[in-house]
Structure formats: structure tokens, C-alpha cells
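Look at the two complexes coming up: chain A is in both, with chain B in one and chain C in the other.
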Partner chain A sequence: MNSKTRTFEKIYMGIIFLFMYAPIVTLIVLSFNKSKSRAKWGGFTFQWYLSLVRDSEVLNALANTLIIALIATVVSTIIGTAASVALMGMKRRTRSLVMGVTNIPMINADIVTGISLMLLFKVLHFEAGFVTVLIAHITFDIPYVMLSVLPRMKTISPSVYEAALDLGAKPLFAFRKTILPDLMPSVISGALMAFTMSIDDFIITYFTKGSGFDTLSTKIYSEVKRGIRPEIYALSAIIFVVVLILLLVSNRIKAGAGKRVKKSLSARGERIKNIALAAGVVAFSALIVVMALVYGGVFSKKSTQVFVYNFGEYIDPDVITMFEEETGIEVVYDEFESNEIMYAKIASDGAAYDVMCPSDYMIAKMISQDMLMKLDKSALPNAVEYIGGQYYNSAKAFDPENEYAVPYCWGTVGILYNKKMVQEPVTSWDILWDDRYSGEILMQDSIRDAFMVALMRRGYSMNSTDPGEINSAAEDLIEQAPLVQAYVIDQVRDKMIGNEAALGVIYSGEAIYTKRENPDLEYVVPDEGSNVWIDGWVISRDAVNVDNALAWIDFMCRPEIALKNFEYITYSTPNIAAQELIEDDDIRNSSVAFPDNETLERCDTFISLGEEADRLYNEAWKRVKSAN
Partner chain B sequence: MFKDPKRAHALASPYFVWALIFILVPLGMILWYGFTDDAGAVTIRNAAAIAQPEHLKALLLAIELAVISTVICFLLAYPLGMILAKNKMSSQGIITTIFILPMWMNFLLRTFSWMTLLENHGVINGFLEKFHLPTVHVINTPSAIVIGMVYNFLPFMIMPIYNSLAKIDNNVINAARDLGANAVQTFLRVTLPLTVPGIISGVTMVFIPALTTFAISTMLGGSKILLIGNVIEQEFTLTYDWHLGSGLSVVLMIFIVINMIVQALSEKNDEL
Partner chain C sequence: MEKELINLDHIYKSYDGQLILDDLSLVIHENEFVTLLGPSGCGKTTTLRIIGGFETPDKGRVIFDGQDITALAPNKRQLNTVFQKYALFTHMDIADNIAFGLRIKNKSDQYIKDKISYALKLVNLDGYEHRMPDSLSGGQQQRIAIARAIVNEPKVLLLDEPLGALDLKLRQDMQYELIRLKRELGITFIYVTHDQEEALTMSDHIVVMNQGYIQQEGTPEAIYNEPENAFVADFIGDSNIISATMVKDELVRILGTEFPCVDKGFGVEKPVDVVIRPEDVKLVKRGEGKIPGVVSHIIFKGVHYEMEVQAGGFEWLVHSTKESPAGTEVDIDVDPFDIQVMNRPASEDEQALGVVDDV
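Right after this comes the complex of A and B.
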């Protein structure tokens, strides 16, 4: 072969290799990044590897992922291998029919498979969670096993097996001694494939999982919209290195065994290979089981629990641990990205959360649909004492008697802009329609917030139910769409920190954090007015652990806990005692964290609009989103 | 083998039961939801909704991007498969190591990482700037989604193509050359036709997930490029219209039907 082609081949393989591994190198680099924002290199650190050990949420998700993958692999390998062997004894027509069905989960779009199983579980009143995800994984794993085993099975001659039977061997014994050794490599490669697919699956798990249950995939997806916590980078770097070592070692052993086969021409090499593989599998399984026992959510259920459903990145994780340690109640903590997604989850039977933290208008909607429970104030002394009266007053807009909700955070919505990119003063929502900033604008990817901007800009109420007004707001948003770089939720943060955009619609709580990371950023509430919102703790009408839920809410209202949360999430706290505890004068007196009355007078609160208006908004939003 | 049909059926029965309950019945559920409304009355409105402009647009765009991604995957994977198959020194173990390994890093993380790479002030543009080259604007465009698709699904194209190339007996190639065919003719008339099954399986494994993804388009398209997968996902998680979501999914099930027809046809060819 001439050296020119050789070089070309090497370069070609190098490019593909670079393409495959560039993102992985990026992730590993990010795992050592001191800054929590992926958009900024803050220096080298090992801290995420250390805090990973204490991050029970991530470790739980990891344990779940591994347990599901392991059980699903074992079950699907047994069922699939048995079926492949049996199929050989069947008529050709039956076989092709069965293969047609087997192919369905592979050919079918994942989203359709996931949805079809979700519908089945719902109709059967199966509670979504560990078992439903496991069933789903077994279902899509079986085809991988069969497609690996069946072709091999076709090449195996039955005569040795039949000879063994003639010589008096029992069928099972004969199978084990004559067919299984030949079949084993394909069984193992099928099982490995199944395991890999199971580990990597997101879509099917996403649709079949219930509340409080997450695999790594679904955990990561819920974090994607707001920036992934660095511990996850650290974890994947570890997984990557471990798997790399395992694969290299097993390759070494296989290669060694292969050579021996050639030398001795005996079955010994083959046997060594199988033993080595089996040992590898056993060792890895043991590791998984240990992990599961130490961190697993599956076996180590504490006797009493509370199911909490909160916005993403909306609590200091230490607070959860403190609560668990003090009360002995296990917290099953889940996060959502938007009120609408939370509502969809709660409204389906599958999700059983005790205590949630939705926003004002969503609380009103849930009250009107009788989804919430009146709170027993005698169990909430901290809430009564420390939450400011003015906040309870504002909360009357959506909870007239203050019976259902305890305010947790509040703030405004405004424009975050980069002073280096926007020289003029920002005073109006109009600037988001200015084509000089085309491609530099980040809009909120949530229906009410996006429409609030358009409605306020036109001087309409943000709670408009008038079809004409909604329509013209939608027209404006469609007109704006070509200028918008992306519709995002908490990603506004990282993108603004990384100078990716000039202007972004954001919640006031993020302003303090982003300014700290990038001093060029400034936050304003436009003159036309904006949304002032309150998120509050509420208890589901169907809550099972009511006492624990009340204990949770009251714990959140302790001044030192509220302060700890404020310092972590930088969203304004309605806790008067906590406000006084803030040490940093700039923040205690910050007009961003605690806007003055003049600003607040321009602002309005969302109220629930009713089903008919919700439908109008949903349809209009779909038109906006498909306008590009 | 296992000429005793009773034993064979007993051995296969766990699978039959499983396939019936968890493959066939759920598909029936989708059909049932897709062709009824809230009141339980039969309707074709949900499936017909695919013709609405915003749905149709999402479907057509998804098809377009999926076709582009599949073609790129094929063009990248085939030469690679040939290089790998030619240099037998690379044992199959190494191949799997290289291309399966990334799959152990979560699919979403890998895609997310492309965001950091592709952003306007991201890693790639950082490099370009350093060498005073013009920067590229890809993030939040369809191109970024295509990159994400190609990246995620390329291994599914490489595997089957490599396998079918590696299976070709060198003697067949040599025979063609001995009989006077040049390299191009050998490739077109011998190598390529022999790898058609691998190509078909690779194309299926890339095209379908690309067509129906919603995660890749959300992350790399900035949520402003809606594919059919996004539309369906939102019907279930946001607007909460399960009937409409199922109706639109029914449209995607057409690929099962196509595959079954292809399967049936190839069975027939086998029998000849």
C-alpha cells in the first residue's frame, strides 16, 4: 500500500476520532472548572469530585441507572436467548412473524414506544416509577439480545446436540454442553449491547418514570435547561475512565486468550475468554450492588418520607440534608422547569407529591380545581411569625384568605443586558424588538412570561383574556421570533455570563448571581411595567405525608434556613427576619433583590385565566414557536 | 433442533407473553387514544391534525434534517468502515472500544457539551479567533441540530457497515480484480452490493431516531426550531392533550409498517 493512502487514512480516522471525543474532552475539562457556570473558566479545582460523594441526588440517580440496567440486562438476556433458541424449532412463517414483532421496539420511534408504554401503565393504574421503567427497559433490551443471538443460533448445527441426546444426555445437560458454549459469545455481546442501551436511554425512561424516580438521563435533562451542576461532569468523567479501563483490560485478556487458541487449537482459550468475561461481568455487578446498597434509593427506604416538587436550582441542597438529619424524614426531592410542566405532572395520576412550590397564578388555578389542601397554621409557627405581612397581603391576589400557600420567594421579571453590547439606556420592552440586536436576544421559554412581555409592551394587562389582545401579542411575538437567538429558561444565566447574547428576559433572582459572575451585566424592570411574582409552598390535596409536608414548610420559614437559601439561590426572600440577617449591605439594600415601591407599583401579578384562555394562549404559543 | 414443538413453545412463551403485553397492547393503546377524543368518541381529527400548518412544518423540517443527517452519517461511515475493515490489525475489540465508549457518557451530556463547543463565544470559535480565522455562527440553527444528530447516531451507521464490510471474503475481491475489473468497478459492482444489508440497517438506525428526536433540537436549536418530536412531547408534557399527541404519534408508526413490508419482501427473496 502506498504511504499516501496510509497518511490519508490516518488523517481521516483522526478527524472522526476528534469529532467523537471533542465533547467528551470538554465535559472532562468542565469537571475541573471552579466556576459553576459552564460559560466561564474559573480556575482549576477538584471540589466537584469531593462534593459528588455527598450529592445524594446524583448518586441516587446513578444507582437507579445501574440497577435498572443490570436487572433489565439479565432478564432480557434470559428471555431473549430462550426465545431465540426456541424459534429455531418453529416453522419459518412463525419465525418471521415473531421477528416482525421483535423488530418493533427497534424500528419504532423511541418517543412512540415510550408514550405507548406510558398509556398502558396509566390504563392499568400502574404507579409509574422503578417497576415501570424496568419493564420498559426490558422491553427495548430484548430485541438487542435476540438480534445478536439468533443469527449465531442459525449457524449452529443441531447434530452434536442430537448425538448427545441419543447417547442419553438430558436435554438441558446436552444444551449446556453442546450448544451454549458456541452461543455464549453472541449472548454476551447481546447482553453488553442491552446494558449499554439501557444506560444511555433517555426518551423511553422520560415517559415511563414517575415522581421521585430519576435515572441519570432524566436527572440531567431536568438540569439541562438551567445549566448542569458540576458534580454531574465529575461523575461522568469517573464513569468514562472506569469504562475505558474495563474495556482495555478485557481487550487485553481477550487478545491473550485468542493467541492461546491459535497455539493449542483447543477449546481452552475459548474457555479462558469466557471465564475472563464472566469475571469481568461479576466484578462489575458486584460494584454496582455495593453502590446500590450504599446509596441506593431502592433498598434503603427510611420509614417516613416527604415528596417535594420544586423549581430547578431553587434550594440550597445542604438544607435538604439538614432537614433530613434533624427530623429523620427522608426527602424525595424532584424539580420542574415551569409551572405548566409541574401542573401536567400533578394532574396525571402518576405523580404523587406532598408539597410543591408553584407560582401565584398556578396556585390560583390549583385552588380553583380543588387540587390543594388548606394548611394547618398551628403547625406552621415560623411561617406565621417570620413571613412579612405585606407578602401575605400580595398573596391574597391568588389565595384570598391565605389558606393554601406560604410565600417562599418573590421577585420581578426584567431585562438583563450586557453594558458592553448595549450602549443606550434600557427602559422599554421595545428594545427586544429592535433589529439592531437581531440574534442577540434571549426570550423566556414559558408561555405566560413570553406573553407578559408582549402584552405589557402594548399596554395591555398581562392577564388579558381578550382573544384580540392575545392575538396581537402573538403577532408581535411572531414578528420578534427572527430576532430571538433562543427561547430558554434558566439557560439565560449561563448564556449571559458567557457574553452569548446582549439582552435576556430573566427573573430578578438570577440578576445578583449573574452580575457577580460577569460585572458587565445590568438588570432593569422596564417602564411599561412587569410581573411581580410570588412562589409559595402548597400541599397537595392527595398528600399522604401531610405532617411531614407541614414540617418541611415550617423548616423553610426558619430565618437562618431562609437566609441560607437566599444566599445560595439569590432569589428574594419574604422572610423578614432573614432579610435582616443578610450581612452584605449592598445586597440587603439592593434594588434588584428588594425593589422599591415605585417599581412595584408598575408591576402586576399573574392570575389564573381559566381553561378557555389557557387554550388560547397554548395555541398562540404554538404558532409563535413554529414561526421560525 | 428442538423438534419437539411443545418444548419450543414453552421456552419461547415468556417472550410471547412479554411481547404481547408490552409491545403489541401498548401500540393498540396509542391507536385507541389517537382515534378517540376526550368523550371517548371515535374521531380521525387527531391523526389528521398532522396536516395543520404548524405540525406539517415541524414534520417536514424533521424529515429534511433527518435525511441530511443520514446522508452525512453514511458518507462519513462508509470510508471509515472500509479503512477499518482493510486494516485487519484493528481487532474488533478496539473498534467497539472506540465507538461504544462515548455512549457511556450520557447522551444528553454529550449533546449539551456541543452547546459549549458551538456557541458564538464557545470553544470552537475561541480556537478560530486565536488563529484569526472567521468565526462560525451555528448554535441555535438547523445546522447545529444536524451536527448533534450526526454525532449521536454515527456509531449506529458505522457498526453495521463495518460488520458487513468485514464479512466480505477477500477472495471475492481478488477474483473481481483478476477478471479485469478496476478498483472503481470492483467497488461499485462487488463491494457495495454486498454491504447493502448493512447500509439498510444503518440507515434505519440513524434516520428514525433523527426524525423523532426532541432532546437534540431543544438543546442545540435553542427551543426555537420545532421538530415533530418536540410537538408530540409538548402535547404530553405541556398542553396535556394526550389524544392529539397519540394521534400525531400514529403518523410516526408508519415506519413500522414500512419495515414490516421490507421484512416480508426480503423473506420472500430468501425462499426463492
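Right after this comes the complex of A and C.
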């Protein structure tokens, strides 16, 4: 019976550890995976760690994170320790009141703290950025320091301090010589806690950071759109290890402090060792900061700037560097996850960014709401010369006079299928309703894309606002739901590469990449037609650095730059000259990357449908999702 | 009498609206062993902390060696304190603890070294220089605390219940140690305790305090033998305190029986309290004493027997070297000079104030 319980305990513990650490182990393993895909093991490699070190944006974010964490830790440790000491001098009632008040930031939901800090900074006309994030971090770090220092402070008899005064010490000297050494282990562990919390924070940082400033957490979050890069796995693995070390050190110091009471003689050595260890960790962090500073060039402030807001991983980072080197304009580059997030940001602060890259329907919406600036074509010679006329024509669907947007990337939506699993030729959206492929179908987890499939299959317009049409599309999607393996976005790519599904709705740009990883995959635009989408550069009506923004757009339209971007992001470029520069014949002539006119004529562009239609779609989409 | 060293001049101190010291005045002379004695909350520790500079009086002045030091910070006062819980610096070894004050005064290394070994010899802890404080016993720590204070050659050593945390045997040893130290150093000791035995053993001068007032000052003998009020009598040693009536000068009626005494000037037929120490109650054969009684309890205490005797409707506490078993019928007698007559206070306030006419 006893041994049975013990076995049960072991199994129980095993399961707990499995659930806690399996995700982290997976992450660390993937950080050494040569293949970019999560689904395929391409061999062992350090290349993601290497490219991480060369990635100036991530390093910049890392530097920001560490600088913020270090300064916030030092300041909050001083304030928190001083506050703890001061609290002990107060009357019991006042003390518990003050403690209650200082603990609020800790108990408070991060989102409330974040929003209220953001509002406060707005009211005080603080420019959101480094300073506001720092203040926010100091604010929420202080309670953690106090949490660690106060209990220790309570055990220290004030007579030790008085004894030092009595022996002739001045108050500050007495404090330093008597109370501080006893307090030190808890101060250090409080500081480590504050440091960890600061590195860890996302929500409060997100609300207080403003544009052009990122810490690691906000940087990683903004890259979600196209799936997380393997470099981020590597970075996360490093962060995990560093935080783990910090926690171990912190625990050792605490345990050491507890042991000290019993074993006084060895305690001194123990503590010195601990402090040395902590100092080592801090020095190590400082070293990383310095390195990152050198690479990231955090302090190299230039007088001219341009604030760029783009989808995650939607540019070759080298291009940014080249632009900066050539023009001397500093690029403040931020990434968004979706058109809607970008829209919310610009709607709340039109001057936050100068130049953005939204999608077609969103550009239409922004034009209709007078959020964009007409472009001065004379400042855009490359855009006029190299962007193909057919793309400008397509763009007229959302920008009738081609006044506001310069096409940047474009593509189609189609079906990616696995030739080994689907023997018949794929020509119609109908195959996604074929119950022979039950459980093998992947749909896009976004309203417009999912409805586009259903509407086009019925021969309706993908921009339909007819309630009956929308309703019948919804019915079709509900009927289809049992066959669908999953509604996903970037996982279509990985699942298809990993042979986990037979058919998936996907963007053409992803198709090029997936075909490279798994040659069995084939991409097709169904006969009923599909969506041809265009993302384009636009300038905010309230942009501050208009000339620099124009220079940026024109730079993007240079053939060799457009080519570089195409090779990096694999989404089709509308730049004719760049298309001709593509060396690989297969790609240059690929019908996936550059579909023929016959295909394009079947396709349509999304337009903004207005609030009433948006509501219909939203409600129908809810019905579809709940049918799963 | 030696020269006046400390003068507490009409000191008032209150915390949270509660009066701790109410118009306290006290003079302490050079080279005295003064004990502030009283129950907890009587204001003795506050008085010591005011002398040490850790508290500032609300009103009144502290004069030290002719100078007003009321507002002087503790680190600038020529006195040192030994704290109740030793207050050693746990992260420094013994030598560093003792050297703390000397290093602040920038004494030379040789001087400090000599002082440390002198002080350790003085407190009988030779060779403990490099031990850490929490590896020492309570008594040893306390002696280090004393050593740490005296190396600074203070004019006054303040001791705040320094033996409170020690066990009985150690406490008695330390009492002799302190007396010896005081003699060797030739400085003033101001000692705070609630232990009347400690006070009687060590002091030259005892100040009995209660509720922020000085109840009585004097030599240990005077305090013990001639308590001025019931509080002092009750607090110092065991006592039989009995309500009585002063018939006239040198005659007092106790429990209905008249006893000759030596006190005068209380008036005629005045209600008073009398104090009779247990060792002063004589048990004699039935018929030979004044009040008949019966022994109800007896305990052997080593030096003497402690007995309770029911006589005249009062339970008398009696110490005697002679054993009288429980149930023995006895008479009680008291010699005139062993009866201490005190005015009975009309109210509790008056009792606290110690309003008693000088005898």
C-alpha cells in the first residue's frame, strides 16, 4: 500500500513536471532545428543563435530590455529598501496603510496598471518611450523589493542601529554598518526578483512604450503575424536559462541567509560567495548590454528620423540598415500583427508613425476616414518607373486615383495541397467540402478569408454585402466545419510541411516557401476565382517626417531593394524590374509567385464593406466558430 | 558625596497621548551605581533612553557635567549603552565589534589592539577576538556588549536590563562581575531593571519608579527597611501590608491589637498602612505573643522556612529558620522597630504620586 502510494506520487510528480517543462524543452529543441518549420527536424544547428547575434533589431530590443531592467532594478531596490526601513519607524496603523497602498501595483491587474500609467503619461505630456517604460517598471518593481526586504527588516532589532549610534557612528554610517549588512541578502533577492519581473513584463510595457521603442517581449509579440522566427526560439531559450540562473541564485541567497542563524562561522564565507555570484550575474548582464549597445547603436541619435510601421517580418532587415547608411535617416521601425491593430494605433495617434504598409481593404478604410496623405509622385521616381501598371490598376479598387498608396507586396489566396494525399487535380473550392478529406483540411482563421472561400465557391462576390449571400456562405461553412481539422493562420505552413494535412487555404507567398521545404506540396488558385491582395505603402495624414517617409517608399521601389525583400519574405513583388532580376528561373516563371493574367482576371480585391456589413460578417463568423 | 554628574530637570515625555514620564527630576552623582527599578511600563527605560539620547523629552532639560545635552545626538554623548538584547553586530567578529567605536574615533591600530585585549581580559573572555557573536552564549555576548561599550572610556555606562535574558545562575555571576567592573573602572553605572534582588545586590542608590513617577530614592537598605508607601513595600521583597490605625504616637492598632512602635506624628486615631517584613514576624508559643494564630502552610526554601499563618483574620507571611508544622497553634509578635508605618493614600492617584508625609 505504501509503495503503491509512492509510485502514484512519483507518477503524479512526473506528470506535473511534464506539463510544466515539456513546452520549454520543445522550445529549446526547436531552437537547434535547422528547418524553419516547426513540423520538420532538419538537423542540428547553431545558425539561429548566430543570426540572432547579427540581428540588430532583436539585439536593440534586448539592450532596451536589459537597460530598463537594470536601471529599474537599481532604482526600485534603493527606493524599496528605503521605504521598508522607513516603514519600520512608523506606527503600526500607518505602516499597514502605507503597505496596502504600495502593494496595489502588485495585486492590480497588469492591464489596469498599464492603461492607467499610459493615461497619466498622456495627461502629463510625457513622450511615450524609454523614460515612460522605465518609470512604469520602477513603479511595479518597488513592491517586489519591499515584499522581500520588509519581512527581514521586521526581524532586525533597532537596538543594533542604536548601538552603533551609541558608539559614535553618524546615522548613515550606522545604518550602512549594522542594518544594511543584515538586510543585504533580502535586498539582493528583492533586486533579482525586480530584475526578473522587469525582463518578464509585457502588458505594462506595451501600454507605456509608445512607437519606435521595443523591449524583447513587445518585439516578439509584434512578430506573431508570420509565425515566430527560429531566432526567437533561440532568444527565448537564452532568456529561460538566464532567468533560471537568476532564480537559483536568489534562492541560494535566501537559503544561505536562513542557514546563517544556525551555522554562523561558515555563514560569512557562504554569503561572500553568494554576493560574488550575484555580482557575477549582474556583470554578465552588463556585458550583454554593452555588446548589444555596440551592435544596436542605441545611443547613436540622429537628427532625422522616419517612423515606419509594418507587418512582422515583412522586410529584409538589411534593407533598413542600407537605407540608414545611404540616407543618414534613422529608421524607427515597429511591427504590427494585423491591419486592425495598425488601424487602432493610427486612429488614436496619427503622428505615431510616418509610413505604414496596410492591406488593400484597410487602405480603403483609411482613405475614407481621411487618415492618409496624398503622395507627392515627383518625390517617388522609382515608384513611378518600376511598379507595374497592372498593379496600379488593381490598386484602383481601393485607391481609385492611385493617390495614396504604392504597392509593396501582393499575392493570391489559394489551396495548398499535398500531391501524395490528393491524387485528383484540384480545380475548385469544392474539394474543401469533400468528405473524403475529412480531418485533413485547414482553413484560415480570419473572417474575410474564410468567407471569401465560401462566397467564391457559390459564385458570389467576395465583397458581398447581401445578407442572404452572407447567410448561405455561413451555412456552407457550418456544413464544412466537421471536415475541418483546424482554423489556423501561420500553422497552415507548418502543418502542410509536416504532412499533417492534405489541403489548406494559404497565401501565395507562403506557398513558395512551403514548396521549398516539402516538394510534394502544390499551390493552386481555384477556377471560381479568389482573392488577389495588395499591401501598399501609405503615409499618415499627420506624419511628421513626410520627406523621409517619401524617401523610404521610393527606396523600397528600387529594383535591387525590392528583389532583396522578395528573396527574404517570398511574397510577390509588383516591381517589374525586380521580377526580371530574379536569378532562379523556376521562381521567376513561377505561376505561384507571378500568376498569369488569366488567373488574375478571376480574382478580386477585398474592399472595405462598411459597418453594417462588418456586423453581418461578424455575427455569421461567430455562428461558424461555435459550430465547431 | 561625589560631584553631581547628570541632572534630569523636570522631564515630561508622552507617547501617543499617554504620559510616560510626568515631571521627573533626578540627580545622579559621579562614580555611583544607580539603579532605576520598577515594573514594566513605569518609565525607567524611557528615562535611560533620554539620558542616552535615543529619545527627546517633550519638556525639561538633561544636564550632563554642567552642560545642557537635551538636544545632543546619541553619537555625540560621552556615555555608552549596553542594550537588553546585546545588540552585537552579527556580521563582524568580536574584535571588530569591540573596535567599532574606536575606529570611528580614528584611534591607532596598536591602541585599538591593546584596548581589545584589555577589554576582553576585563570581561574574562580572553582569546575570543575572532569568534563570531552568535557562536557565543548569552552571558558571553552580554559581556562582549559591555566590553564594546567600556573601551570608549565613557563617563557613564547605561545598562538596560542587561541580565534579563540570562538564566538565574548566570545572572548572579554577572551581578558580581558588574560590581567588580564598576569598581575597576571607577565610572558611573546607570542600571535599569525590574528585578528588585538585582537592584538591592548591586546598587549604591536605588530609584523606585511607578507610572512615570519616582516613588522613592535611597540606599538599598533604606528602600528595603523603610519603604515610604505600599507600592515600594510591595515591590521590594515580600511584605505583610496591613491596614491599621495609629492610636497615638508610638502606638498602632493592628487587627484589633495594639502594638508599640517607633513612629510619630501621624496624629490620633488615624488610618494608616503598616509594613512588616516576613522575617520580622516572630512566632512564639501560644500565650506568649500578641495575636493568636494557626500555621496553615509551610515550605522549605533552603535558607529558611516560608510559612503562612492565619491570625486575627489576616494571612501572615512568615520567614523563619525554625520549623513550625502546619496546624501548629502559635502567637504572633513584632518588635516595635520592625513595624514600618505609612500614610494610607486616599486614592490611587495619590498612591501613584507617592504622596506620603516624610516620617
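Everything that follows uses one rule, which is that the second predicted complex is superposed on the first by the 403 of 628 C-alpha atoms of A that agree within 3 Å, B and C clash if a C-alpha of one lies under 4 Å from a C-alpha of the other, contacts with A are read in each partner's own complex, and residues count from 1 in each chain.
Methods note: a residue touches a chain if its C-beta (ideal position, glycine included) is under 8 Å from a C-beta of that chain, and two chains touch if they have at least 3 such contacts.
Just so we're clear, the structure is a prediction, and the values are computed from it rather than from any experiment.
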First, second, both or neither for A:Asp166, with chain B first and chain C second: second
Partner chain in contact with A:Val544 - chain B first, chain C second, else both or neither: neither
Which superposed partner A:Ala347 touches (first chain B, second chain C, both, neither): first
Of chain B and chain C, the chain that contacts the larger number of chain A residues: B
Which of chain B and chain C A:Pro181 touches, first, second, both or neither: second
First (chain B), second (chain C), both or neither touched by A:Ser116: first
On chain A, the residue positions that both chain B and chain C contact, one per complex: 162, 171
Residues of chain C defined as touching chain A within the complex: 16, 52-54, 73-76, 80-81, 83-85, 87-91, 100-101, 104-105, 132-135, 145, 148-149, 152
In the complex, chain A residues that touch chain B: 9, 12-13, 16-17, 19-24, 26-27, 30, 38-39, 79-80, 82-83, 85-90, 96, 98-113, 115-120, 123, 135-136, 138-139, 142, 156, 158, 161-162, 171, 179, 196, 199-200, 202-203, 207, 216-217, 220-221, 224, 228, 232-233, 236, 239-240, 243-244, 247-248, 250-251, 254-255, 340-341, 343-344, 347, 439, 445, 481, 484-488, 495, 498-500, 618, 622-623, 625-626, 628
Footprint of chain C on chain A - complex, ascending: 91, 157, 159-160, 162-171, 173-174, 177-178, 181-182, 261, 264-265, 267-268
Touching residues (chain side chain B, partner chain A) in the complex: 1-5, 7-12, 14-16, 18-19, 21-27, 29-30, 33, 53-54, 57-58, 76, 79-80, 83, 87, 91, 93-94, 96-114, 116-117, 119-123, 137, 139-140, 151, 154, 204-205, 208-209, 211-212, 214-215, 218-219, 222-226, 229, 231-234, 236-240, 242, 245-246, 249, 252-253, 255-256, 259-260, 263-264, 267
